[in-house]
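A quick write-up on the structure given underneath.
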Amino acid sequence: MNNFFGVSFTHNFMSIRLGRIQLHRIDFLLLFVPLSLACYLLKLPAIVSFTSAAAAVVAISHLMVEATGIISQRVSSTISALINATFGNAIEFMIAIFALRAGLETMVKASITGSIILNVLFLIGLSMVAGGMKYKEQRFNKDSAGLSSTMLIIIVVGLAMPSMYSILVGKPAQDMSIAVSVILGVIYLLSLFYTLVTHKHLFIVKREAPPSGSYRPWPFRVAVAILLISAIAAGFESSLIVDSITPLIDTLGITQTFAGLVLIALLTNIPEQISAARFARLNNMTLSLEIGMSSALQIALFVVPVLVLLSSTLTGSTMDLVLSPFELISLVMTAMIANYISADGICHWLEGAQLLAVYALIATAFFFI
Amino acid sequence: MNNFFGVSFTHNFMSIRLGRIQLHRIDFLLLFVPLSLACYLLKLPAIVSFTSAAAAVVAISHLMVEATGIISQRVSSTISALINATFGNAIEFMIAIFALRAGLETMVKASITGSIILNVLFLIGLSMVAGGMKYKEQRFNKDSAGLSSTMLIIIVVGLAMPSMYSILVGKPAQDMSIAVSVILGVIYLLSLFYTLVTHKHLFIVKREAPPSGSYRPWPFRVAVAILLISAIAAGFESSLIVDSITPLIDTLGITQTFAGLVLIALLTNIPEQISAARFARLNNMTLSLEIGMSSALQIALFVVPVLVLLSSTLTGSTMDLVLSPFELISLVMTAMIANYISADGICHWLEGAQLLAVYALIATAFFFI
Amino acid sequence: MNNFFGVSFTHNFMSIRLGRIQLHRIDFLLLFVPLSLACYLLKLPAIVSFTSAAAAVVAISHLMVEATGIISQRVSSTISALINATFGNAIEFMIAIFALRAGLETMVKASITGSIILNVLFLIGLSMVAGGMKYKEQRFNKDSAGLSSTMLIIIVVGLAMPSMYSILVGKPAQDMSIAVSVILGVIYLLSLFYTLVTHKHLFIVKREAPPSGSYRPWPFRVAVAILLISAIAAGFESSLIVDSITPLIDTLGITQTFAGLVLIALLTNIPEQISAARFARLNNMTLSLEIGMSSALQIALFVVPVLVLLSSTLTGSTMDLVLSPFELISLVMTAMIANYISADGICHWLEGAQLLAVYALIATAFFFI
């Protein structure tokens, strides 16, 4: 959607022209916006409501990406980074807020862990396999991958502390979670400062040559309008998703943790996955990795602190960052393997398969719990 | 014995000519085949039976290496890889099967952990010290070492899951162990596909220049016969070893875990250790590292899945992959340090000593437990 | 103070000439030697006694650095390394011995963990930020940083073993701590052998061009006398610090662990921190990293073994190496991130901020416990 360093990029989906209106394949999923409403009103089974709302969310998030892409090109890089961070994670936020209000805190925390693991292991693994089926060997910028790997470790340290505290000391970890969130948030602001101020020369080139930009001929004002309307629609669909998740969990016989870690994480990161795989096929592995890493980092450094710090206001009680030991070990392993894979700046399909294997191992474990 | 990528190599032991028959020093250990039988029949003390069977096993496994080396040169690379994987780990397999039948599951699992740790820390550490006493600095192929390091992490993740599940959830982990074994087995097959099909160009050079090949003038048929006879003898000696291990444990006052982790692991990997140290002295550090890493990986990606999946058929109950927390932390540390050491592609004796120190620390811990 | 490889270097503080006597700013802190004695005799509040003794210790350790610097240039490199190791850690030793006698074993162990974490995360992080405010990018020797990172892992493995043993087996870990100390001590001796004998060619260049050497025109005999007098004064101040620490803990409402991990660790490493930051501003990041790493390694490989092996003689009971799980996870994370940061040989202020963030996260956690 947008990378960690505030540079936006858009999807190059096959597009279709209908007279003056250019439609992308994914836009047809917008039909699911009214459909999901119908499902809700007709009280159809949870799996149907969930699926239609999920399809609608994918289409809406695609529209939001396009709109933020157009808006980003007209505003300063600082405002652009802010817009990208906010709207790029809007759906994660909304689902989390609705879920927290519905008492699904375990699921929300699992979806945070899940998003990080999914973006680093599944998305990057898939990209390496997709690219590796076309190219024997692909290269990527290991400096930027290394910086992201180090951020991952900081995140793991941060998330480990309240969890360890809760397990070992047995006391509530809200205060420690707030302290950790502040530190993670400060690191996020510092990394923006690095990207936008002190080391912007490293990132300017990318900005001047966006990958062919937006297809759509939307003027600036239309883009703003579409962005706002999409955000409202996204909020509505998020509430539908959360409403249908509890019956869905019962129907499928899965746990809240598995639902958050796999279902919600997959759903809220579909656009990133498609983009990343596409760039990999275009031999731009650097961008694929950045999409995966930046998406994971934004969840942990932006969504998590905001959720923890606002949860008291929005839901009445402070969300803590106490994860289960399985979630913790999965994050540690993810951070370790991300560093190993990114260390040499070269990849091939087997490295992708290795990442997917680790994802499969983790998903298997959570299936059994 | 044979490396992870299906390339075979043989030992350059000092050899002696007796008329037309060329004998290697190690062949004299074949005398222990009848001796160990005698020990068994005479019901000599466990330490004597165990030692004589162990010496016989070393000699037999050397014969098997020579025979598979000759056979490998006549068959396709795929069949060669298969033969190497099967016969290269035959003794590990047989001892494991007999031990599982004798109810020594703890020892079998400890010997798996022990083989991984031994090959990565002790064998590679010894090679670096052996080579480092002759050369100030030695270089090795860090790409292949890096791929192996990543595999080690996957293995650690895989083995951690059932152990964590058992500790935290407290339920039997057989089903999860089967799932993990399938994933590890798939990764093994994929890595063979990578080596033998999609990226075989990276490995052909090595195959065309095997390190001087086999000394022995055995024709193909003789080699096949010797391989089969050796396998039968190996099976017999394996059963002797397992028979004498329980009384040996009592005599020495050690635990099943220590016996598996140190004794069995050392015994079944002696040929690899001698080869690796020799290649290090010949300044072929790349090969030394490959022997150690591939031996560790084959245990985890080939022996472990096969054992878990066949254990139900062969022994009546499914072996799970639940390791003790000490075994787990030892594996995690081994994987971490393997990556650190292999990252730069250069080594010297102090790095070898560092690996040996970690091995000593782990062995010490298991001695105290 | 002095690096791991036995090369000494001195501080380039602003100095002031008073006739023939050259004074450094830090020397004015020597006034705190009599002041701290006065505080003690007048039984002033703990915070006053502690602070004045701490200021005196900083001034004394600076004198000791200058004196060892002059002495090192006249003796063989082996004796120089020995003097540096002994006097460079004299204050840590003395405080530890007095604290052990006072029954503050938890604090002593926390101060060991704290010194390692502080030197690796805080000191190196601060240096990277200090240097990064002046230079966009700084380079350092990644080979030496890599060797130190690997040592850190060995230390973590070593310290993990007795802690795990105590947690999992529940028995006293004195014997295992002694075994671990012997192995760590052997690795220390081997690394000196590497530096001073087998690979001294790598370190000679540094020795021939010490960073401008000592300012002071002390003759050799005067330096020896000053060193011995300083050592005695240091012993006296150490006993004052330990005497005031228990009432200080009560006053501030902190734990022994927090006092050791943060207060004692900060205090005993102030000279290193100032030096490291200064060298970073002079764009000698290699030296900054070496100061931090070598200081951490000397604590673990020299101070820890000596303390454990002598504790029985000096205090009547053997100090074990059982750390709390929080200390252990902090060490593991420190070792991991040290490796990640040092892998590429390049740094900038954001990497420094990342290290400081991890330090902040760890300190926060220990504050809450």
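Going in written order, the chains are labelled A, B and C, and every chain counts its residues from 1.
Here is the rule we go by: a contact is a pair of C-beta atoms (placed from the backbone, for glycine too) under 8 Å apart; a residue touches a chain by one contact, two chains touch by 3 or more.
Fair warning: this is a prediction, and the values are worked out from it, not measured in the lab.
Seen as a C-alpha superposition, chain A sits on chain B after a turn of 120°, to the nearest 5. Annotation: the chain B:chain C pair of sequence copies touches via predominantly different residues, less than half of the used numbers being shared. Averaging Cα coordinates per chain places chain B and chain C 42 Å apart.
Annotation for chain A: residues touching 2 or more other chains are 336, 343. Chain A meets chain B in the complex at residues 136, 325-326, 329, 333, 336-337, 340-341, 343-344, 346, 348-351, 353-354, 357-358, 360-362, 364-365, 368-369.
Contacts from chain B toward chain A in the complex involve residues 142-143, 146-147, 149-151, 153-154, 156-158, 160-161, 164-165, 168-169, 173, 175-176, 179-180, 183, 186-187, 190-191, 194, 198-199, 336, 339, 343.
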